Structures are given as C-alpha cells and as structure tokens.
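Right, one structure below, let's go through it.
Order of writing sets the labels: A, B, C, D and E. Residues in every chain begin at 1.
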Amino acid sequence: MRILKGSIKVKSFNYKEDNDYSWSMIIDLDRCNGCGACVIGCQAENNVATVGEEEVGKKRNMHWLRIERYIEGEYPHVKVRFLPMMCQHCAQAPCESVCPVYATYHNPEGLNVQVYNRCIGTRFCGNNCPYSVRYFNWFDSSFPEPVNNQLNPDVSVRERGVMEKCSMCMQRIRRGKDTAKDEGREVVDGDIQPACAQTCPTGAITFGNINDHESKVYKMAHSGRAISLFEEKGTHPAVKYLKGGTNDVIG
Amino acid sequence: MDRRSFLKLSGVAASASAVGACSRVSQKVIPFVETPNDGANPVDGDWYATTCRECNAGCGIIVRTVNGRVKKIEGNAIHPVSRGKACARGQAAALSVYHPERLTSPMLKGAGGFEAIGWDKAVDILSQRFTEAEGKLFFLNNGSNDAASGIANEIFGKMDGFVSAGNQEPGFESLVAGGESLADFPRIPFPDLDHAQFAILLGADIFESGPSPVFWGGAFGECRRGRASVRGRLVYAGSRLSATAAVCDLWLPVPPGRLGALALSVAQVVVEMIITRKLASSIPRNALGRWSVALKEYEPEKVAAQLELAPEHIRKLAIPFVDESPSVVIAGADVTGYANGVAALDAVEFLNMLSYEIGREKLRIHERMTPEPNDNLKRRMAEALGVPHEAHGFSRLTDLVAGMEQGNFSMGIIHHTNPVFDTPTGLKFKDAMAKVGFTVAIANFMDETAAEATLVLPDHHWLEAWSAQTPDFVPGVPVFNLQQPVIQPFFGTKSGSDIMLAAAAAAKLKTPADTTEAFVTGKIQQFRAEMQGAPAYLSDNAFRRHLLREGGWWPAQVEAEAAPVPSGTVLWEYRDKLKAPEPEFDGAENPFFLHPFQTVHMGRGQGANSGWLQEAPDPITTLMWQFWVEMNPVTAAKLGVVEGDMVKISSAHGSITAPVFPYKGIRPDVVAVPIGYGHTNYGKLANGRGGNVMTLLGAKRDAISGALAWRSQKVKVEKAEGRMKMLRNAHPEGEYKGEVFQL
Amino acid sequence: MSDHYTVLGLYRKVETITKAGDPIREAFRVKDGDIEVLTSAAYPDGAILDDKELLHQVESRQFLFPFLMGFGGFGAGVTLAGGTGYIMNLIVGGKAPFTYAPTGVVTYEFTLLFGVIGSVLSLLYYAGLPNWTERAYDPEVSDGALGLLVKLYSTEDQEKAAKMMEEHGAYKIKKGVNDF
Amino acid sequence: MSSDDNVKRSADAAVSGGPLAGGHHGDVLALPELESFRDPETKGAKAHYDDADIYRDEKGFNDHTLRPMFFTTKKYFAFTLVLGAIMAQGFVAFLNQTYWGLGMAGLHEPVYWGAYIATFVFWVGLSHSGTIVSSILRLTGANWRRPILRAAEAMTAFSLLVAALFPLIHVGRLWRAYYMVPLPSQRMLWPNFKSPLMWDFCAINVYLTGSMTFLYIGLLPDLAVARDRAIAMGNWRRHYLKVLALGWRGSHREWSVYNKCSLFLAVIILLIAPSVHTIVSWDFAMTMTPGWHTTIFGPYFVVGAIYSGVSAVVTLMIVLRVLFNLGDVIRKFHIDALGKLLLVISIIWSYFYFCEFITTWYSHKPEEWEIFEWQAHRFPYHLWVMLGGSCLTIFCLSWRRFRACMPCMFALTLLVNCGMYIERYMIVVPILSRRDNPFMWTDYYPSLTELSIIVASFAYFIFLYAIFIKLFPIVTMADVKEGVVVSGDVRLGKHAVRVQVKE
Amino acid sequence: MNLSKLSPTARLVILFLTLAGMGGGAFAGIVYFGPIWLTTWAPAQPIKFSHKLHADTNKIPCQYCHTYARRSEISSVPSADRCANCHDYIKPDAPEIVKTMAHYNEDRPIEWVKVFDLPDHVWFNHKRHIAKDVPCQKCHGPVETMDVVSRTNEFPMGFCLACHQENEAPTDCWTCHT
C-alpha cells in the first residue's frame, strides 16, 4: 500500500530552472599544472582505495580524479597538456539510462549520483561513459588496520563489485547545505568546495552553483573560454573547462 | 583543560566495514569520558591549524580530525605560504600517521641487530652519552629551523665541538648563495610571479622541487589567469620538459649548464633595448653603457651556437621581457645544479633587476633585493629555532662528514633526515657515520640512516607533536609557524625533542625548557612584542591559543612588507660579474648528461613508503609504483631500446639499472632519472623499487658556494638484460591523441 | 455422474480402422466427443474419423488463448515499463518518467511471452492435459498401433462394441470403466 | 494389401504393423525403380523414398531412435566425467571469482566487458538457429526439417541456458542481482526499464521461456513414446517421463489441438527470436560508444546469430550422426539442405559485414576508424579466421561435393563458429579498448579465470546436450512419422514425385 | 477433485507445486518486508542504566544527556562526566553509580552496546530531524518506558521512506546514501 501512496505525488521538474541549486565545476586548463594535489585530496576525502602495484599494472587504479597528460609535437617543439578528468556530471548522462537498477541517476541539483549499495555491477555505465571516469571495485578495497583510521566517516567504503566515481564531494555539499539551513540562509558562493577544488594550489578548479548568476562558476562558464569535453556527444556536462591560451608567444 | 584533553576519546566506531554489512554484531559505542567543549561537532570533526612538515616550505595547514583520528589535511587559508592550499605530499601525511610500519619503541643496536628497549632505558643511555660526549657531538636535521634543532642548539650550542648541520634539498644552497654579495642575509629569491606578465623559467621546476610547490602553484595561477584581461606567459629553458615546463608556453631545450649564457644573452638584448628605447630612467646611463660593453660577447648571434638555439629565439625571449613588463626570471635546479650555478644566478638576478627597473610600479620585487639589517625579525626567529640558514648547506655537510671521518665526534643525533639515502655516494656519509661511536636516529620509520644508527628513537609523527618552525623560503615576510598535536599519539611514540630534553636534564645539562611544548611557548613569549597584528589585550596563554588557532604568526598584510628596491647603485655592482663560465662535469668522458630530478610525489624519497603517493601517477610519465629513466626516443633508438627495456646507467661512483621511458621532452644527450627511488630499507612499499640516482653522483660542488652540483655528472648508458612492464596511466599511443578534446 | 464404459480396439492398418469407425458410431449413436482415435502420428483431420467439424470449432476458439493472453501481456508490459516511473516516486532529476522506446520493447516481449503461455494453456485446456489418471490406453499405440476408443454408457454396449471392433479387424481389445 | 508385396523390403518390417507399414502410401506408390530420386550418397543403390522404408517398421524405428536414450556405453560415462571435470574447474574458478571479486577476470578500465559478454553473445547467437530454423521450416512446411528439429531446438534451449549464466557470472555483486527483478519491496525501488540491459533481461527470459516451451511442446508426443518404452522396460526414466508426458495418449483431439498450438508457437517464436538478438545488439548499439553505435547492429546480429546457429546445427547433426549411429535418420540429404541454407545466410552475413565496414571506411570517422585499425593491428589472425572463414564458407558451400563430404562440412561449420566467436570478441573487446578517451586506451587479455569459465561453459553445453540425449528422444519422432503419414509419391509422367498430402 | 483417484505421479506433482508455491511466497514476503523480523533486541549494558527512571519518573528530557542530537548528526551517548554532574550529589552510593564513577575517575570510557544501528552506507542526521520536531520515539520507540533499552524498530529503507513521503521530506537517494 505504501507503494500506491507514493504514486500520488510524482515530481517532474526541470532542475535547470526550477531548482535552487545546480552544481557545476569549472576547470581552468590554463592554470592546471598537473601537480596531482587534487588526486590525493580526492583520495583522502573519499576513501578511494589504493590497489597496489599489481592491480595498477592491470590499469585498475581507482583515482576518481585523474590528470590526463597528452603530448603533442616532435622534439624540440613538444607540448605537454594536462587535463584533469573526473565525472563530468552530464545533464544528459549516458551512464544513467543504461543502469538497469537505478544505481546511477540524476539528482535535482544537477549531479550524477552513484548509489553504491544499489549497484549490482553490470558495468554498463562504465561502457557508456565517453570520458571513462567510472571505476569498478574489482576487489574489496583493503584498508587494513591501522590505515583504516584515516577513513572519512562521511563516505561509505565501497564493496567489491560496485562502480564508483566522483561525487563532487556530495558529503561536503550536504554539509554545506546543512550549515546554511541551520543558519537560515541559502548556500552562498564559496560555502562548498569539493576536496579537489579546495586543494588545487593554482586555483584551477572552481565549484559553485550555476543557477546563481552572481556565482563565479556562472561567470566563468559564460566567459567565452568555456568548453565541454566531447560536446558533440550532447552530454551537457556540469563540469566545464576553460580553454588554455594560445601558445604562439614565441615561435 | 586544554584541547588535548579531549583527544582522549576513542570515538564512535570508525566506519570501515563494507557496504551492505548490516549484521547484528554488537557494536560498541564509546563516548568521551570528558565532554568536549561546547560547539564541537563530533562527526563534522574538529579542524586544527598546524604546519606541514613534509618538506621545509612550511605551509600552514589545517587538519580535520574526527573522533581523535586524522582525516584530512587542507591548506590554511590565511597562511602566506600555502594560501589555503596543500600539495600531494602534504595531504598524504594523513595516511602516514597510520602507517603500519611506524616505529613504536626505542631500539638499541646490539650484536644481533636492533632490540627493543624501554623508554626509560633509552633516556638513561642517552643521558649517559650526553655526559660522555662533552659537546663533541653533531646534530643533523633536514635543514629546517624547528623546535628540535632549536632545543639541540640551546643545549649543546655553547659547547666546543658541537656542530649543527642540515641535509637540505639540493639546489637551495646555490640559490641562497647566488648574489650573496648583495644582501647580508642570504635567502632563496622569490621573484614576484604573482604579478608578472611574462616569466622566463630557467630550469626552474618550481612545481616539483621548488622551495614550496604550493606557494609557486598559487603564484603561477595568479600570473596565468589571476587578472581579468591579462594572461601571464611563461617560457621555460632547460634540458628537460618538466611538469613545470609543460605549463609554460614554450620550451627551449638548452644544453646543460648553459642557462647562464642564455640569461646573459637575453640581458644583452634587454640592455640594448633599454638604451635604444630610453626605458628605465632610474638606471644611470653610464651603467648601461658599461653593461652594454660587458655583454658584447653575449650577443645572441655569438652564443646561439653553444645554446643550440637560433638567435631569433633569444631575441623573442628578450623582446616580450621588455614589452610585456612586468616580467621576471626564475632560476631553478637546472641552473644551480651545475658547477657554474652561482655565476649563472648572478645573471638571473641582473635580469630581474632590469625587469624591476622597467616595470617599476607594477612589480613587487623579491626579497633579496632588500638589504636587511642583521637584527631582522625573520633572521632572529630562525636563529631562535635553530641554526642560521647558512649552516644548512652542503658545505656544512661536507665539513661534518670530514669531521666524522677524522673522529671529531663521539656522538651524533640525526633528526628526521636520511643522509645515507639521499646524499651522493661521493660524500661517503655512510662510511663516516660508522666512524662515529654512537649515533641516534630520531625518526618515524626505519630508514637507511636509522638502520645505521646505534639508537633509534621513534618520534611522534609531526601531526602528533609540538614544534615551531620558521620557513626560510617565504617571500618578504617573517613567519613563525606553530605545530601542535592534532591527535593523541597513535603508536606508543614519544617526541624526540622531549627525549633530548629529558636526557639532557638527566645529564645535568642546561635545558631551555622541560618539554618541547614549553620551549615553543617560551619562544612565543620571546617574540610576542614583535608579533604585530594579534590582539594586544590577550593574556599570554590566550595569545598562545590565538596563535595555535591561526597556525602561527606572520604579518597580517603581506603586501605591506614589500620593501622598495635599491636603485641603480646596487645594479652598478654587477658590472664585473656578468660572466657565464663553462660548465664542468664529473666524468666528462661519458656521453650522457645525468639529469636527476625531483618528482611531485616522492620528494627526496620520504614519499616512497606512502601508498597514495606511490600510486599517484607522475605528471609527466604517468607511471605509478615505478622507477624509470627518461631519454629521448632518438637516443633510445640509438641504444636499441624501447619502452620498458632495462638500461644500465653507470658512472665512476656506481651504477643503476632502470627501465627506459622514451620521452620526447628531453634533450637527446640527456638521461633523466627521478630522485627518491631505490630505497633499500624503508618498508615494504619503498624497498627495491628502482635504483637510487644518488649512487651515481660524486660530490661535485659549485665553484663559488660549495653547494652540491647535483647535475654535473656525465654517465654511460648501455642496454641491460630484461624488460619491465611500465605501469603507466596513459596509453602509449593514446597520449598523442589529445586533439580529440579540441582543447 | 454415472459411470461410463470404454472399449479400446487396436488396429494395425489405417484402412481397417477407417472402416471400423463409422459402423460403431452409427450402431451406438456415439456423439462426436465420445469416440477417439489414438495414433502415434498426427493424421490430418478427418483422415480416420469424420470429426472435422467438432475439431474445427475447438481450433477456432483455440487462438483466443494466446490472443487474450497477449493482450494481458501487453498490459503487463506497459504497466511494468511505462508505469513504474509513475508508481515509484523516484527522483531522476527532471528526466521523463515515461519513455516510449523502452516501453515498446518491454511490451513487445511481454506480449509474446504471454502469447507463448497462452498457446500452451490452449493446448492443455483443449487437449485436457495434464491428465495423469489411469486412462484407456495401450503402449502399442506408440509403436504404431492405431487405437479406436469409444465411450459407452452401459456394459452391454461395451460388450457389443468390443465384438464389433473385433469383427472389423482389431487385433486387440481393451475394456475399461470410467477411463475415457 | 498388395503394397506389401510391391515393396520388397517390407518383408522384415511388419512385425507389429502400423500405419506406416499399411497401404496408405502403398496404394499410391507402386514405383520401386525410380532412378531420378537416387540419393547421391548411395549412387543409385537405394531409392530416395527409402526413408519410409526404415519407418515402415515403426517399432523398429522407435527402437532405433530411442536407442541413444536407453543404452549407454562406458565411453559415454567417461566422456561426461571429463565434461564434469571441466565444469568443476570452471565452477571453482567462478566461486573463486565471486569470493574475491571480479578482479579475477582480466577486465579493467575501460574494458568493462570482455570475454564473458562476448561468450554471452555467442551463446545467444547460437541459440538462434534452433527455434528460428525450426519455426520457419515448420511454417513453410519444408519436409526435410523433420528429423533435425529436436536437436536444433534443444541446442537453442541449452545455449540459452548457458548464455543466461554469463550475465550472472559477469555482474559484480551476484548476490544482489535480484535487484533487476521487479519485485515489490519496502525499498520502493524498481528496475530501470530504460536500460537496454533490462530489455535484454526481459528478452532473454522471454526467449528462454519460449524456446523451452517450444522444445517441450515439440517433445510431448515423443515423451509418450519414450514413456511407454520405459514402462515396458521397467527403466527408471518412466518416473519423470510419466510426469512430463502429461498423460498424452495421441488421441486425435490431442493431435489436432497440438498441431494448432505448435503453429502458434512457431509464429510467436519467429517473432521473439529476432527481437531477442536485436535487443542483445542494442546492449551495444544503444550506447554512444563509437563502433557500437550503429543502426546496422540489429539485423547484423540477427543474421550473424542465425549464421552461427545454423552452422552449429550442422556440426551437431554430424556429431549425432556419427556418435549415435543415426546416419539413416539424419542423412546427408539433410546436411546438404542445411548447407544450402548456410550458404544463403553466409552471403547475407558477409554483406552486412561489408556494409558495416564500407560505411566506416568511406566516412573515415576518426574514432571509428581507429577501432578498425586497432582490430587489424592487434588481432590480425582473428580477423583472418573471421573474414576468411566466411569467404571460405561461401566458396565451399557452393560446391555440391563439398556439402556431401561430412568431414569437410564438420570442419567448415566449426570454423564458421570459431569465426563467429571471434567476431563477438572483436565487437566487444577492441571497441572498448579504444574508447573515446585516448588516455584510457588499453589492451585486454582474458585471465585464466575467464578462460576456465568459458571453457566450462562449452563443457556445460555439451554436458547438457549429452544429458538431454540420455533423458529425452533426440530425434523428432512424431514429426518424422507425420511426414511419412502425410507424404506419398505421385506418378508424374515417367517419374514418381514425392508429395505431401497434408491439407 | 478427488485426490485419492489421482495416480501417485499426479499426487507427487501437486505436492511439489504446493511446496514451490509456499517457498516462492516466503521469498516474496522476505523481500517485501525486509529485515522486519528482527525486532526487540535488548542487549545487556555495562551499566544498568534505566531510561524509565530518568526520562519517565524524573522527567529528564532526552537532550539533557544526548546533547549532540540537536546540533550534530549523531545524538551521542553522554560522556561519564555528565553522569558525574548529578550523581556527585544524587545517590552516589548506589552500586551502578559507583561503577560509573569508577569509570570517570579512572579515565576509562564506558563501552556501551549499540542498540540502534544503521548500516554504514546510510547517512542519518539527528540535527535535521530534531529541527523538524520529529519526536525521538518516532524511531526509537517508547524508550522512556524501558528499563533496558530494546530495539523496537529495525530501520529498513521503507521505514525511512514512508515517513519521508508522508512529510514531504526529500527522497533523493543521496539524501541518505553517499
């Protein structure tokens, strides 16, 4: 009967306009220096497991945020580019529609949420993610005593056989909203910072509410430099990148 | 009841069990014995301000603890070095507190190796040795001015025969020594990258091995995109395209040891431009004329050949240097790593001064420009917390080793540094150490040096310990960093400095305080009057708490500290120094230049036992858990090796074998090897992972400063047996297809 | 219900049994449903007995089973694939709870699934299966014997019918009670 | 009747008589000397209509076709023991994988699907021959279908059973796999029907139900025969045969309803089967992965499935023929007919492959072309087997003497299936290892665990089949008998022509 | 239907079907009702603390002791010093109180046994619920009537959802699952 009770209220709304918050992240590629502080920050915050040498050799490292490094040109005209890559939180996420059990879904605040305890591990979402940013727990992650003392109590430790990915530090978002609610106000720009944005030494990562037209992310997203990765795929990511400048200072 | 008392909690059981486990195992809920002060949120956790001690940069950090456990390290937003940020190594400290291989009990080397002894016995032995040594001892730390070295200095400093030395990161000493004639107080130059529009990085791997990668990161961010309409542009010159070079707009592969010539050549063009365009009116015209003459031999056309660049390249560096003022030049390891390093640094400084004169209003010039009086607060703070900076160089270390060889010391204390591993084989530290009768290693882990020591004292992790530190490498401002325990000691360790104090007291030596905490408090009181900006009405204790809350003391407004630059009279002094000597190399008959470099994760090898850091992909190679040698694909082809093939690199001092990583961003005559690998006694994760590049190095030193010239080694490279799977994150073909993102 | 009596005659040849069927039907005024042929292979309707009409009626109604079940399956498919989004108060960030393509696919499959079940039910229902009771049968049928089975309502008729079958070339006669 | 005399070989036939021994066709047919119907394999020594000759003695026929069911050699036990051992090691590998985690497989980012899914698709594909072929042939009334139906249908059911295991082996949390079933629970969460995997789940279940039903319904009259035989022999099989035969007596009413039901099922199965493989293809095609995301995938998969399925039927028929001495039931004539069918399908399949290739090649879309290059570069031999196999098929099968050569047909159809397995592998693995994001490109090697499980799946299939043969009649006896009943020879000029007299 | 008239085979089939049906029904029931069958569990605690005495007889409000409930995610079991606050004066000689004070004086935390527990993948915030005036008893049952606290409710997901839907509280998955 409870099921029927639930059926009475069906909310269908366009989070882009109707919701107070729509979280977005802007990454300035011109600023990113590939130092990897964000990678460790994310790992520390989100209980991301280290898998060890052998598993790394099988390309099973779990970093939710990785820095992709591309090389262009031939010696001596070599250019190295860094591209921080994490879950893009697509508005039209390819991963969401293929999950048979709704373990990944879109939440009203524009985030692509992975519910670990719902996941059965078909890995279809991973196949359909053009950015390849979903990571699978091939084994139970090992946090042996006493390393487990570092585990963040806000984030669950994932079991073997489930997908995981960047959550934009939803525990921080939740806490930020919680604090704002306690103080009887809306979340303001800068209240909430995911671990990577918080720690980025060069300030390449900015996080905020893109529905707030006064926010930094809104302004940056409309700065003309903003691009989405694989724009032609129509995924409409919530993570946007600011293109680097030109390289032709000196020939 | 101070904040430590409620660290006594053991907390609501930490959540480590797997998802989906909802068994009916009776879980315990263990409350505090003493209620924490009101307002604390036991789940949100408490944030404590302290100082990161993973390297000597002295970043202010805040640490989140929940239920008495360290959870997360973040930058302290008000700290002038970290500016609210933290690097990978700093953040990984949260894991190293709980490292299963931490030492837990004092160990004395006997006939059958180390055996655990109690703390009381350790203190007894130590105090007995203190008495016997009669001051003939040395204290060696990692080159930082912190409470431990301050305590050692105050106990033994006045005794004859006591030597305090620091095993500093290579390169700093030269930076300090460069242009020492200009200022009395030597320190690392910090050109104002924040406000620069154009920057030339001369081999400066500021994000990897700079004094503070975090500080430089912030500066770079500001330079690049901090201003609305200006995009700062950077050019990197050096023999390898490092991670720092990768973010620069242009890379000029200059042969090793020639960057001084490049700087002078740029200076030549700049001086000519100043003359023809009548810029920089503050420079006396006759000085310009002299410089012009002195720099004649560095005309781009004349040096282009030895720099392996086209003359236009040099011009194209110089022209924006003037046009896009303000601009700065930053020198780094590829300048200081050669025997002509300090000479080259003079040229760099000369360029920086020219830049300042051109863009006078726009640039906050770096600190070394400011001749400071001897009683400068920063210097006094540094001395109060240890030895003056010049004592921490390689020269002092060389002297120390010589003293050890000669049997000048009957005892040595090695505090959180690993010279057996990270000093060049040519220095022969290990052999010298054996000649010292009794060595004490104060360390967190059993490392190569601790293994050689007679007594090993397991120290607190720095997150569990009291200390204070003054960073040498801060632009323009005196900083007094406080380090406080954010958790109760997790293992049964004791603070090394506390033990020193206790042993000294037992040996009836004069001790500055009973505990490190008291020592730090005393130092705060000592400088309180000069610590501007803190509320004056606070009681001493309240003031201390105020500082603890903030993480230390520094002037509230960093900008205000920027002192005006000395005018042309100082520049005038440079007229005779504008020379770039030929680089000299150890093992010059060998075909390849060895290019040891630091990576962002390993440091000097301290990071090697951290799972997080080992698994974090290196920015350039994206290798994980692995040691490698970089060489140009052309070189690799000549040697007949492909990625993963083992090569043997050998010099007169030793040899290492490593898998090849062909990398286009490196000169064909250079092989680059990362520092920090090849541990032999540093725990499961670090041991046997590659080779230690330090074994290849002799102790070649800079001609002027005596600093270690750690890149002036030439080596032989030959193909060796075997292959190794390269644990890359990037795909070897895919990494060249970045254009799919249309960035 | 009163008891009935059966006679099962086994024949070797199809011509013989064809000739035996009609006289018995006439002699005892056997209704269409009360006489059966047991064979090991499917003979075309009316090849042995002239019960084409009766069977035609049955068969023409047989399609209703898969058809109606198919409708049921259609409903089930729509409810499952299309209705779940509405029934379950899942928050999907502004995505439509109902989508056509999945509903179409799932409905198609369910329609056919129910159709399959309907077909089987039709077989079971109209063929009176499963029936595990002991019935008039002879294993020789499966080895090629042709059986003629008649349902009668008195022992006299049973005897008579048995005799008639024998006369018409049955090589084996089996008599039974209440086992048609 | 007089026909008994006309046909010489009937002398030893009519022990218990029966319709087949009767004059039914004997009346029509009195033409023993028909040259034109000579079987190619016997070079005229035997007349074609002699298939009826075997069936004239229906008891003998029953004995003959039920022989593999009731009589078991020691070799068989040894064989199943070997199969059991292979299955056991696969099962151990599976348990190991479930206990430790899917890392035991060689999968990694971003090759999230590997050999398991390729094998899954392979088995699903294999399942397509049986029911589609049997229902098409049933509906079109092709007479040569009769003896092979059962074997083909059983193949469908078993390969589907094997296929259905693979998603379970493949999921990360097997113990939570029931989340995919729309069970009402207090969690108020239902599966996401928008996911192609859910469609697949539905489709596979529907198809499994459908084909099992089809198999069972087809089996029903034969079960009755087997039941009678088992009861007569006092064999233990009588227990389940009694239950499963549902009390089938072979009354005309039953036959009539049964035929109608078969017709319904044939139609429905014909609707289900292509949809199933289309949906399996949509598991790939509905994603936005380059190389998968093509419209051609639906029909391409269906044809590929039938292709591999039919060739597997041929392989199987030849195996049955040899192992169980069924050469006189499953005859070269049938293999020949299947060969022709295979020829047609292989041409269609090659055409589809060509279409897929030419569009990619011509448009030269970089991300798709990258995959082709990678396939050619990384899997050259695989590509040769896959493409060469189909070219070879077309060439060889056009040759009548090849079709008559059993070892050749056996080898060729085996090759075709190897090629088709590789084709599935080539669809799943290279495309995933060259995803959109070049940084994450990888290579993939199946691990020992995967290989064990896959090998075990083949063993499992063969085992199921072997068990099936021992528990159920493998030849479609009722259909064969019906064929004899409803067909006869008609004199047409100088020749006798075989005709079917069914309405 | 007359069962005796059926053949043994038929009877076996019917028995089998009945058993299968019962099994399926039981499975469906388990899935539907979740872990509700595990209720009323009252573990023995190290100190015999009576909620009835404190909350009912003496009318001490819940949050007098469970101080964090209104300002944090957890309600917190009170620390020993909070017991000492009152029991320094009230009945300091009672045996259980002596035990408690021993813990306090010796700096030994009391190891209470957790009665109500949520799995680790569920994130629950007491503060928000207190702010919305949800009575403690809504989830924890009539604790004030118990001498020994027993688990009166299991917390399957449906338990939370029912209440959340009733009160139009958020039902987004990530509200509780991180």
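Methods note: contacts are C-beta pairs under 8 Å (C-beta built on N, C-alpha and C of every residue); 3 or more make two chains touch, one makes a residue touch a chain.
Note that the structure is predicted; figures quoted are calculated from it, not measured.
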Labels of chains that are neighbours to subunit A and to subunit B: D, E
Core chain by centroid distance, with centroids computed from Cα atoms only: A
Per Cα centroids, the chain farthest from subunit C: B
Of A-E and D-E, whichever chain pair has more C-beta contact pairs: A-E
Geometric centre distance via CA averages, subunit D-subunit B, whole Å: 70
Centroid spacing, where centroids are CA-atom means, of subunit C and subunit D in whole angstrom: 28
Separation of subunit C from subunit E, taking each centre as the mean of its C-alpha atoms, in whole Å: 58
Centre distance in Å when subunit A and subunit C are each reduced to the mean of their C-alpha atoms: 62
Per-residue overlap in subunit B, given as positions that touch at least 2 other chains: 15, 17-20, 43-44, 729-730, 735-738
Junction residues of subunit A - those touching two or more other chains: 2-3, 6, 9, 59, 66, 68-70, 83, 102, 105, 107-108, 116-118, 140, 154, 156-157, 159, 162, 230
Of all residues in subunit C, the ones touching two or more other chains: 87-91, 130, 132-133
Subunit A residues touching subunit D - in the complex, by the definition given at the top: 2-3, 6, 55, 58-60, 66, 68-70, 83, 85, 94, 97-102, 118-124, 126-132, 134-140, 159-163, 230, 233
Subunit A residues within the subunit B interface of the complex: 28-37, 39-41, 43-45, 50-53, 56-57, 59, 61, 63, 66-76, 78-83, 116-117, 140, 143-154, 156-159, 162, 175, 195, 198-204, 227, 229-231, 241-245, 247, 249-251
Touching residues (chain side subunit D, partner subunit E) in the complex: 178, 183-188, 239, 242-243
Subunit A residues touching subunit E - in the complex, by the definition given at the top: 2, 5-6, 9, 105, 107-108, 111, 113, 115-118, 154-157, 167, 170-171, 174, 178, 181-182
Subunit A-facing residues of subunit B, complex: 14-20, 43-44, 66-67, 69-75, 84-88, 91-92, 94-95, 97-100, 207-208, 213-214, 216-218, 220-222, 224-226, 231, 233, 235, 241, 243-247, 249-253, 312-313, 316-317, 320, 490, 600-601, 611-617, 619-620, 622, 624-626, 632-634, 664-666, 668, 725, 727, 729-730, 735-739, 741-743
